[in-house]
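One structure, pasted below without further comment.
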Amino acid sequence: MKADKAGVLTGSHVLNGNQACAEGALAAGCRFLGLYPIVPSIEVSERFLARAPEVGATFIQMEDEISALAAVLGASWTGKKSMTVTSGPGLSLMMEHLGLGIMLETPCVIADIQSVGPGLGLPTHAAQGDMMQARWGSHGDYEIVALAPSSPQEMFDFTIKAFNFSERYRIPVAIMSDAYVAQLEETVVIPPADQINIETRRYYEGAKDSYLPFKRDKDFVPPMVDIGQGYRFHVTGLTHDDRGYPIMFEECQEYNVHPLMWKVRNAVDKIVEVQETNTDDAEVVVISYGATSRAVLKAIKQARESGIKAGGLKLVTVWPFPEKRVTELAKKAKAIVVPEMNFGQIVLEVERNGYGEANIFFLPHGDKGAEYSEDILAAIKRASQTSEAKSGIIEIS
Amino acid sequence: MAEIRFAGYGGQGIIRSGIIAGRAASIYDNKHATMSQSFGPEARGGACSSQLVVSESKVLYPYITNSDILVAMSQAGYDKFEPEMSEQGMLLYDEDLVKPKQLRGNITAYAIPATRFAEELGNKIVANVVMLGFFTAITEVVSHDAMKKALPESVPEKAVELNLKAFDRGYNFGLEAAKKQGDSKKN
Amino acid sequence: MMETPKTDEKQEIHPMENLLRMDRMPHIWCPTCGIGLAVTAFTAALEKANIDPNTVSIVSGIGCTGRVAGYVKLDSFHTTHGRPIAFATGIKVASPKTKVVVFSGDGDLMAIGGNHFIHAARRNIDMLVVCVNNFIYAMTGGQVAPTTPLAAYATTSPYGCVEPPFNIPYLAESSGAVYVARWTTLHIRRLTNSLTEALQKTGFSVVEAISPCGMYYSRINRLGDGLDMMRFYHDNVEIRHGEDTKNLDIGFQTKIICGKFVDRERPSYNERYNQWLSEVKTAGRHSKGQKGSKK
Amino acid sequence: MNSIIDALDKGIEMAGIARKRISVPSDIPFDPDAVKTLGVDYFQIPRGRAIAFGTGLKLGNPDLKVIPVAGDLMTLGGNHFVHGSRRNMELLVICVNNFVYKNIGGKPAPFTQAVFSPYSTFEEPFNFPHLGNSCGAVYTARWTALHAEELAASIAEALNKRGLSMIEVLAPGPNYYRSIDGIESELLQFYFNNSVVKNNEDPRNVAITPDEKIAVGKFTDKERPTFIDSYNVQHSKMLGDKFTPHGSPPKVEKLGGKNG
Amino acid sequence: MKADPRGVLTGVYYIDGDVAAGYGALAAGCKFVAGYPITPSTEAFEAICHRGPQVGAVFIQMEDELGSISAIIGATWSGVKTMTITSGPGYSLMQECIGFGAMLETPFVLLNIQRGGPSTGVPTKTGQADMMQSRWGSHGDYELIAIAPESPQEMFDYTIKAFNLAEKYRCPIMIMSDECVGHMTEKVVIPEADKIEVEPRRLYTGPAEDYLPFKPEPDLVPKMAKAGDGLKLYITGQTHDERGYPVKDAEYKSKYGRRLVDKIRLNKDKIIELKEEGTDNADVIVVSYGISSRVAIKGVELAREKGIKVGTLRLVTVWPFPDEKMSELAKKAKAFVVPEINYGQVVYDVARCAHGRANVVLVPHGGAGVHNPNDIADAIEMAAKEDKKIEGLIEFKTRLEKSVFEGGFKLKE
């Protein structure tokens, strides 16, 4: 389906990442924002609130992040596409309700503008320290889709993508941005509404009295209904059957939870997206995501200029992880370099999928924020010169 | 090694039965005993069972695969756990609460009017201890002395006397049953 | 969807069948528990208030009362511990025409959910909150709750509770609720009347239904069985409508004051929101946050 | 926020309590140098958790005097506040409230509200003294940060109370208004000019509304056993000699206070 | 240092794992416990409420899990040893403050009795699906230690060990137990106090004006202080320097933030505890932890009966993960079989460290029960027969999965 014109601010705009995220949400049809203000994500809400009256969207500023996400889940069941926006400490508080969203199979989007942690950290500085948290932070088993934008334009585009994934698979989707991208001002081109593809909620179409809220289709995704339509359904965070009634046996646990994994794992090929630069003949492949990938592009160019066959793999979706592609590249390349603004998270996934085929170099959070192309260049150089095979990750200090 | 299942509904002292027998076996008989439990969310009336593995050596795998002994104090408990019993197993059931089906294999069954005995003693809450008394007499999993030591420290002080009485009632009934069984091989 | 209850001939039909999930019966509540009575009062109130059940969403949290949503045939949500009010707030704000009911227990709403309770009351979100107060955490086996009377026993206050309990009506009033009443589940008719009134009210309404847990609370504190407790409340309840909420403390086995205490008008969140919206619309675009300019 | 540090400094001095016994958990980031001059132990903790953190400090070492300073009390920390009051945990809670209506006492405030005050534009704030009082706080008061003398005296008085005391301080917070230059002093002055002292007023009547001047003063001053008192009494009663009361028995530390 | 006899309830008990952990905490010198009831962890908190007041430990039931963990961090800074107790949903709520505790380098112990998830899941039954959460649940970079006991006796012993590790490395320690172990009753022997080693707090004793709360000792762990000693502490959850003052510049992040992870990573060899059996010449190595390692034993026995050479590696400490050990074993064995009560968590780290040298088979279980040992035996057999190197995790299809999704199985109420 095409986007609703009301939310699409067609044209070319200078926006920062946060504002682009809000515009993306409105363009994607998001009509409810549950929020609690936290630096550096505030401008998403500000933009959304400013535009809400003309778009016909609603919002509420809740008392904390716990309730912000709870309200989003509630709002989503009213038929409104919903989102919340936060940063590290807030994401930590949302962890319980991320699980509820998974269990109730409620479509919603969580934008996390990462800053330096743990604890209160450095609220205004960019980091990528919540990547593993998005995947593993809630208790129990779940699978999530997480997108990592690297520019305001991508903040806009990926936010639409996020809503589409969340409706398609009935899951919470995370936008893992960071303070650098959020504050970066660049030109964002917003196309006309009829050029934006929107995934609509997949509503149940059968007879009213045979509706089962968790009866899955062949992709393990159950169609949904809104409240107030007379279905009078029941949903619960407890382990449940198709009716949404709690049954607490291991058989039901298997029946309920295993497909929650499958609906994402089986669709990996449809979800996973990467962007590659010069990987065809690359001896050194730099794997990155989000803000870091901007510096990587520069470093690759410089490396090529100095005669090193360098290439780049940028993860658009960090979760699910593009396992197959990383394995293929590990077999072709001599070395893989992973720069991250943390002390080692996604590099562990690279190591796992590298199968010992290539040396893996990890470049941890530099002191220069997202702009550390020189360090990356140095890492590429070192990686290209190391000839003997090493097991494990080689960390570049 | 013996695998024992106690089954009934919440409020009957099913878990406590497992604890008392386990405590007797592990602390006073110096064996190894692992007790684990499962229960529904409701406090009273829900299906409830406890499983006890008693062994001379360390219990590695703590769960029941084929129970040697099933102590059934509710029909639901019997229906659910009878199929997991070993063909050589022993079934102890409260005759007023459980109607067993045809016996499989070489399963030996004993009917005990545990709740009735307990009511006669003044409180049906000790039916589980009547069962335990019978259990002690008829199986050789725990010794009589060990049970007598474990029992007082497992129940509230005020109720010790009643519990010991209930135990003896069940134990004596068990001795009789054992004798009877010696006379005729199967009941 | 709504069927008219058949009263003739078929005696076995539950009178509330059209509002209960009969396919889930029997429920999990213990004998002597009053939650079922509160549910009955609620379903009766829903009919009395003449509200289309299709427009009602009911949200529960965790605990014994948290299971209510699972037995009531409405759009029903069984959410996380303490957060039903927050979840319901989302529903109400996103879908103002929906009638939202939060039905949960004292541990859920007052302990872990206390913050959402006071904030929703302050905002005056239009919802009915039914708090069944059983004086204890029953689902987890009888731990002390913020409503456990002083010196009463619980498994996490084995030597007697050392914290005074909340006075729920006082807290509700001081945080901004527009309708506050308290009954025991013995007062089934009055409870139904209060719930009917509250359902017809616009704004944050709180009805406390006292129903001490006949399993843990009464057993640990040696208060006899369900009938004994009913007798106690029959003899020890005083009805004082309009009583100042600060006088409504509950002690251990002391007299309990019931009645309707607060019934006032305050603009609800949605009303304030709509007013703001019309102001913004007339004043033109909100300037803040609109930095991105057209190129 | 220096006005709050100054008030604490004066208040602690007036209360006559050794500074090393004082701990200040706060979700407001105070400047380290300013805190050092206070001579107390300071903890900057996650948003809203000052009272819960303070509860741990107090129970871990009952000899401490704990002063949670909370900027996000009205939002994330609301639950800890109502429960702390109910338990009567011995804490002095300084609640920094930076809410402001567009109009107060019929006059327009110096600026129309930023989008992100602790509440959305169209919401009503809590009546904090009333909320605290209804949950059982033994001492409630409200001042603006410009009522320096009164605030310090209140702090001194509350420090010698046994139980949860709450002082609401109307002051522009650092988180919400920092983008608006120069607003702090202007707003403070506005608060000061538009407030009226109403000591001993029923807390029920001191809600901040757009139509009336802000009521400041001391509203609640009562006595109730603290959590530690009840804990000790109840466990001594039940356990006898097996139980050693927690902490030292209450010391009378009255200085300048007129506790009722 | 020896344990304080007051907290040690010397004797022989027949108690469940929850209670044993409670007694372990008291024996280790824990003096403050803040909790909030949640199935299936309540018995541990109840044990503390019951015994604590008699041995000088204070308890408080807070209003929620956020309050509990904030309170114990506060109490730790007032100078006492502390613990909190929870299960999955409560654990999720605590995540923000776990990171905060790591940032403040606060020693405390968190007992998590895992249950079936996600969300409310199956509260009364078991699970092991919070393992990755214990490693990655809070935002930002940190490292902590997680221990997985398998019996009530270990619940006692490892709770003491957890307190000792907490004091030694000044970091939060997670005891990642589960409902099975928590509700399993066995004999627990509590020795005399003088047989129990406890680690005292590494308190600073020098002059007040020289104290720097975050100045590392040679092992990268700074000395601790407590409130009320006149040290004029300035402690913040923001990224801070050695004085504890917040830093304004990201440049300090790698300098000071780095140490938070390094103090665990570089002391790894001293922290990690493994139990290894028959791995030397094994074709297949079963890697497991917690209750699954007891269940696996049965599967291993069944496989050995068929003549398969099976070794076992039990992770007593799951985090930090034994990368090098696993890597070494991968060179020797053909395959790893990892049974865990989740749909794949710790197995990812096993696969990572296998570096493509050994196949990795996951035997999943969604929770609310334990594995069928026959599944583990079959998985071992399958792994032993496979001679090819297979990329990617091999997920074993369990009997449970087959019966639920293929066997015409009907769910009953």
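By letter and in written order, the chains are A, B, C, D and E; residue numbering begins at 1 in each of them.
As a convention for this text, a contact is a pair of C-beta atoms (placed from the backbone, for glycine too) under 8 Å apart; a residue touches a chain by one contact, two chains touch by 3 or more.
Everything numeric in this text was worked out from a predicted model, so none of it was measured.
Enquirer: Pick the pair with more C-beta contacts: A-D or B-E?
Expert: B-E
Enquirer: Which chain maximises the distance between its CA centroid and that of chain B?
Expert: Comparing chain centres, D lies farthest from chain B.
Enquirer: Could you give the separation in Å between the centres of chain B and chain D, each centre being the mean of its C-alpha atoms?
Expert: Each chain reduced to its C-alpha mean, chain B and chain D end up 59 Å apart.
Enquirer: Just how far, in Å, is the C-alpha centre of chain C from the one of chain B?
Expert: Each chain's C-alpha centroid was found; their separation is 43 Å.
Enquirer: Could you please state the distance in Å, as a whole number, between where the Cα atoms of chain A are centred and where those of chain C are centred?
Expert: 37
Enquirer: So how far apart, in whole Å, are chain C and chain D when each is placed at the average of its C-alpha atoms?
Expert: Whole-Å distance between the two chain centres: 31.
Enquirer: Taking each residue of chain E in turn, which ones touch at least two of the other chains?
Expert: Residues 53, 63-64, 66, 89, 96, 100, 119-120, 123-125, 236-238, 413 of chain E touch two or more partner chains.
Enquirer: Find every residue in chain C that makes contact with two or more other chains and list them.
Expert: Correct list: 24, 78, 80, 111-112, 114-115, 119, 139, 141, 146, 159, 269, 273, 286, 288-289.
Enquirer: By residue number and range, which residues of chain A touch two or more other chains?
Expert: 46, 49-50, 60, 63-64, 66, 89, 96, 100, 104, 119-120, 236-238, 245, 248 - these are the residues of chain A that touch more than one other chain.
Enquirer: Mind listing the chain A positions that touch chain C in their complex?
Expert: 11-16, 19, 23, 31-32, 34, 43, 46-47, 49-51, 53-54, 58-60, 62-64, 66-67, 70-80, 82, 96-97, 100, 104, 187-188, 208-209, 227-238, 243, 245-246
Enquirer: Would you tell me which residues of chain B are touching chain E in their complex?
Expert: It is residues 18-19, 22-23, 26-27, 32-41, 59-63, 65, 150 of chain B that touch chain E.
Enquirer: Once bound in the complex, which stretches of chain D touch chain A?
Expert: 44, 46-48, 75-76, 78, 115-116, 119-120, 175-176
Enquirer: Can you tell me which positions in chain E touch chain A when the two form their complex?
Expert: 66, 88-89, 91-93, 95-96, 99-100, 102-104, 114, 116-125, 127, 129-130, 132-133, 135-142, 236-239, 247, 250-251, 253-254, 257-258, 260-261, 323-324, 327, 342-345, 348-349, 351-353, 355-357, 364-369, 391-392, 400-401, 403-405, 409, 411-413
Enquirer: Applying the document's contact rule, which stretches of chain A touch chain E when the two form their complex?
Expert: 66, 88-89, 91-93, 95-96, 98-100, 102-104, 114, 116-123, 125, 127, 129-130, 132-133, 135-142, 236-239, 241, 245, 247-258, 260-261, 323, 327, 342-345, 348-349, 351-352, 354-357, 364-369, 391-392
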